[in-house]
């Protein structure tokens, strides 16, 4: 059996990489993806704890997180398409003006 | 020709170079499409990939020699091309063609119309994904080509219609062949209609697609089924009867919707009308009679006469060495080809070679309306529209 | 080393490699592919944890819908290779620092509370799919309704955003 | 060696099964192309392949050889990694999904091991979910191929297919929910067994009757998922040249080809399992004489093949066809002579016949229907199939609820 | 040819003369075809009138073509064939253009359908149409030299085109 803290450490590593990607990447879409990576890392922790504690709450929460991620992706990508249409770029450094 | 640079899209749009090698452009048509997603913002047709300079070549041939070139223009309607050219030259000469030859011409041209519409229907259907219709249509076209082979010895480049008449007497057994075809064909047309007319996908793909208003269609000089589907019963066979069409009884099918579906219905109805005309011509053609006008010096004499009569031999020699010389002047004749108004303009300067031969090719002029039909529509509609305009690139580029 | 542990390490390695590759790849499509690898690896880990349903949902929703949406948008916008300015390269340094700090914090927390987390791992005795549905539709029915409302709002929002202005 | 075999028997058996299934699926794929060409050809009043081998039976082999030895150019400007990955992904996922299909309920007892037909164990709890998970990933093969080719027609094809697959997956999944509610399980075996509650009803006990709406939605959505006529927009050859695989040639093209045909088989399997009782016989269980149906079909067919072979023009055909006919007729005879074998063969026989019928429907549609337009396809998916399948779910759940409340005694 | 063509010729000529006496330079009859020769400055106006006039109703432009009578001057004979769909009549409008100044008003503003027809004439005869929205070559490549349907165009084409052999070899070898 795999000890639970292995999962938690893996989750932490993935979350950290997600944070790093969020700061480092310059393409809006990739930044969006790093958010998804962080959410996934958290999901892993949820499932691991759920298994460790023998309760299903964690898994139910994962489902909720996935739903939220899906809505977020739908709206976020819609915004990205709009930005790309108006600004002709996906680089965050070039879309730092608040007005269109 | 248009280079891509003249049609660079903005960042919102994408330029798609459709053709010249593309399965649905029916030849080597190239269309520059500026797309927003899948919607066509702008379309620029680009022609000339099949330009063979037929009009120029005609200037260097005698009047009779040029007939073989006309076959190659609209390769789905070679007999119609022969006919319009011969009618123009006959008009220039003031030549009267015997009735029997006129009826044979009518029958052959109507058979050709059916075969052309069959190719159109088949390719249009396969463009929209209906594969079986294509093969059914070609199965029937094969029967027509067999009849052509019987009459002319050729399946496609027939060169059958000659100045002053037709090349050969109808062969033995032609009545059975045409009769069989006339018996078979109506049920086959029903078969295509069963597959398509009520088919919801087919209606969805064609109804409301490629609309053009009647005024626009006339202003853009569109003709043939595309114009008739917009609501005008303008058919050269009725408006300016040639080759004794005034003696035939037939209707000019029209629709008013002016979309791809209307054009489809008009063409299918035309096939049925053509069958009616063929039946009438079939009955009118007598078993005996002249097939060429009596015009020594223009029409080559018969073989037997050549062997017995001195004059016949001289005419034969003169016709084939230097040709004949019509009086100076111009003639412009229009006939109804399967694609629309096919015109031929011949100018003579009194020499044995034409000064100028010009063809008013319906595909070329109808194709002009393509951008108007497809702008604002989807890529899938582009092929539906190309299909229903029914272009033959050999005729567009000449 | 049991078979489960081997599988865990393989999948964990895949996940980490995928995440690192997400950062290193220059083209968004490659980053997206790396993220898909992470997600598939995580689905494998969920299976290992006995959460079958979550694993399937992870692949169907994350892999089959959300990431397809990402790939779709990248293709649609024809996104090119990422550009970095000197400032954005500099942003890597504090980012790295932050990550190290975070990892240290998590490690420290885990080290402190080893006993509490390392409770005897239970196997998936509870039929997980049935259990989850019971929880969702009984205990969590209000949050569930709320998320469906959220989805509805998201759909509406995406539609409004995607709508062209009438010209 | 024997020690290894006895300790790792499960592993060995699985590997052998995988190899066997792979072989069968690939062969069936190859002959599916032959079957499709032949059937469509006869619908279109022509002969179809008939030069290579008797009745063109060796045509798939020739095609395979051609695919293997054709030049395999890589266009300039492609994203190499993704370009090579895409066909692999498409093929791998398509083949994996077939591994989850059970082909029969009873094990064969060989070398002291119960060997089940099908690779995945029969008790995969999330069977159908896992299948959907794999097919959901299938879109990547197409989308990435379209993107990586660095060419406009494939890009449009890729975009179309990703949009199409996302849209139709919803309807596909929703339409199955009714069946799942009736069976109360994700497990494919239990779904089939749930349709056998009334063995005396035979064909009328199947899910297709109460779930006719669900079946309609499922089948249409599944055809769209497999990119077949009339939903073959991603590769619509008259619009997008060849869609996402325009820039692929040779074996990489063949991989997409095999993937498409494999997913056709998978979908046919799913249709038969979810709605048509899987391996259940359409006749009431009391009609034992129907057990001889396989032989009754195989023996005459084999004899016909032998007869046809003897009047075949070529020597080659005269050798091959009677040989094949003898094998077919012999199989039929074996089923008659050995009741055990006959009993065992019933389940796979019915499942395979149903799959065959669905494959025929696929081919039939190809010969008949025109193609949808992109926006019509989207409208069809979102405005018709999805609401229909949701209505189906609601109605089904209410009926089940009503039965639970008032019906159960 | 249901009614004598000369009657039609009279109708057209009269109608045009009453509108603008200068519009009709000459009326020709040959084999039942009516030709109205129009001064080139008045071509567009005459065509517009033919289209608009309630008596003439020449609403359909069927063809436009050109004849080069090279040694003669003016050498270019520009012919527009009009059809009246309601009246079932045809007429030909003709304008003469000289070789050193082959410019004429385009008919595209009157009939959009004249667009490609005039482009073709421009392409093959080198006649320039002022007011044409998109006067480019249509059948021949954009970099083609000369106008091949002119009578003085050499049959072999111009021989001093750059040799593309080297280029072709370079692009066709892998």
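Read from first to last, the chains carry the letters A, B, C, D and E; within each, the first residue is number 1.
Going forward, a contact is a pair of C-beta atoms (placed from the backbone, for glycine too) under 8 Å apart; a residue touches a chain by one contact, two chains touch by 3 or more.
All values derive from a computational prediction rather than experimental measurement.
Both subunit A and subunit C are touched by no common chain.
The chains that touch subunit B as well as subunit D do not exist here; no chain meets both.
Per-pair tallies of C-beta contacts place A-C first. Comparing mean CA positions across the assembly, the chain most remote from subunit C is E.
Comparing mean CA positions across the assembly, the chain most remote from subunit D is E.
The distance from the centre of subunit D to the centre of subunit E, each centre being the mean of the chain's C-alpha atoms, comes to 63 Å.
The distance from the centre of subunit C to the centre of subunit E, with each centre set as the mean of the Cα atoms, comes to 70 Å. Measuring from the averaged C-alpha position of subunit B to that of subunit E gives a distance of 23 Å. Annotation for subunit B: residues 14 touch two or more other chains. Taken residue by residue, subunit D touches two or more other chains at no position, since every residue touches fewer.
Shown for subunit C are the residues in touch with two or more other chains, namely 53, 57, 65, 69, 74, 76, 78. Chain contact summary for the complex, subunit D toward subunit C: residues 79, 81-82, 85, 125-126, 129-130, 132-134, 136-137, 139-140, 143-144, 146-148, 155, 158-159, 162-163, 165-166, 169, 173, 186.
Looking at the complex, you find that subunit C touches subunit D at residues 27, 29-30, 33, 36, 43, 52-53, 55-57, 59-60, 63-65, 68-69, 71-72, 74-76, 78, 127, 129. Subunit B meets subunit D in the complex at residues 14, 16-17, 22-24, 38, 125-132, 135-136, 139, 195-196, 199, 201-202, 204-205, 378-383.
Contact residues of subunit A toward subunit C in the complex are 1-10, 12-27, 29-30, 32-34, 36-37, 40, 43-44, 47-54, 56-57, 59-60, 62-64, 66-75, 77-82, 84, 90-91, 93. Listing the residues of subunit B that touch subunit E in their complex gives 1-3, 47-48, 51, 53, 55-56, 60, 91-92, 94, 216, 218-223, 232, 234, 239-240, 329-332, 334, 341, 343, 345, 347, 349, 355-356, 358, 360, 364-365, 367-368, 397-398.
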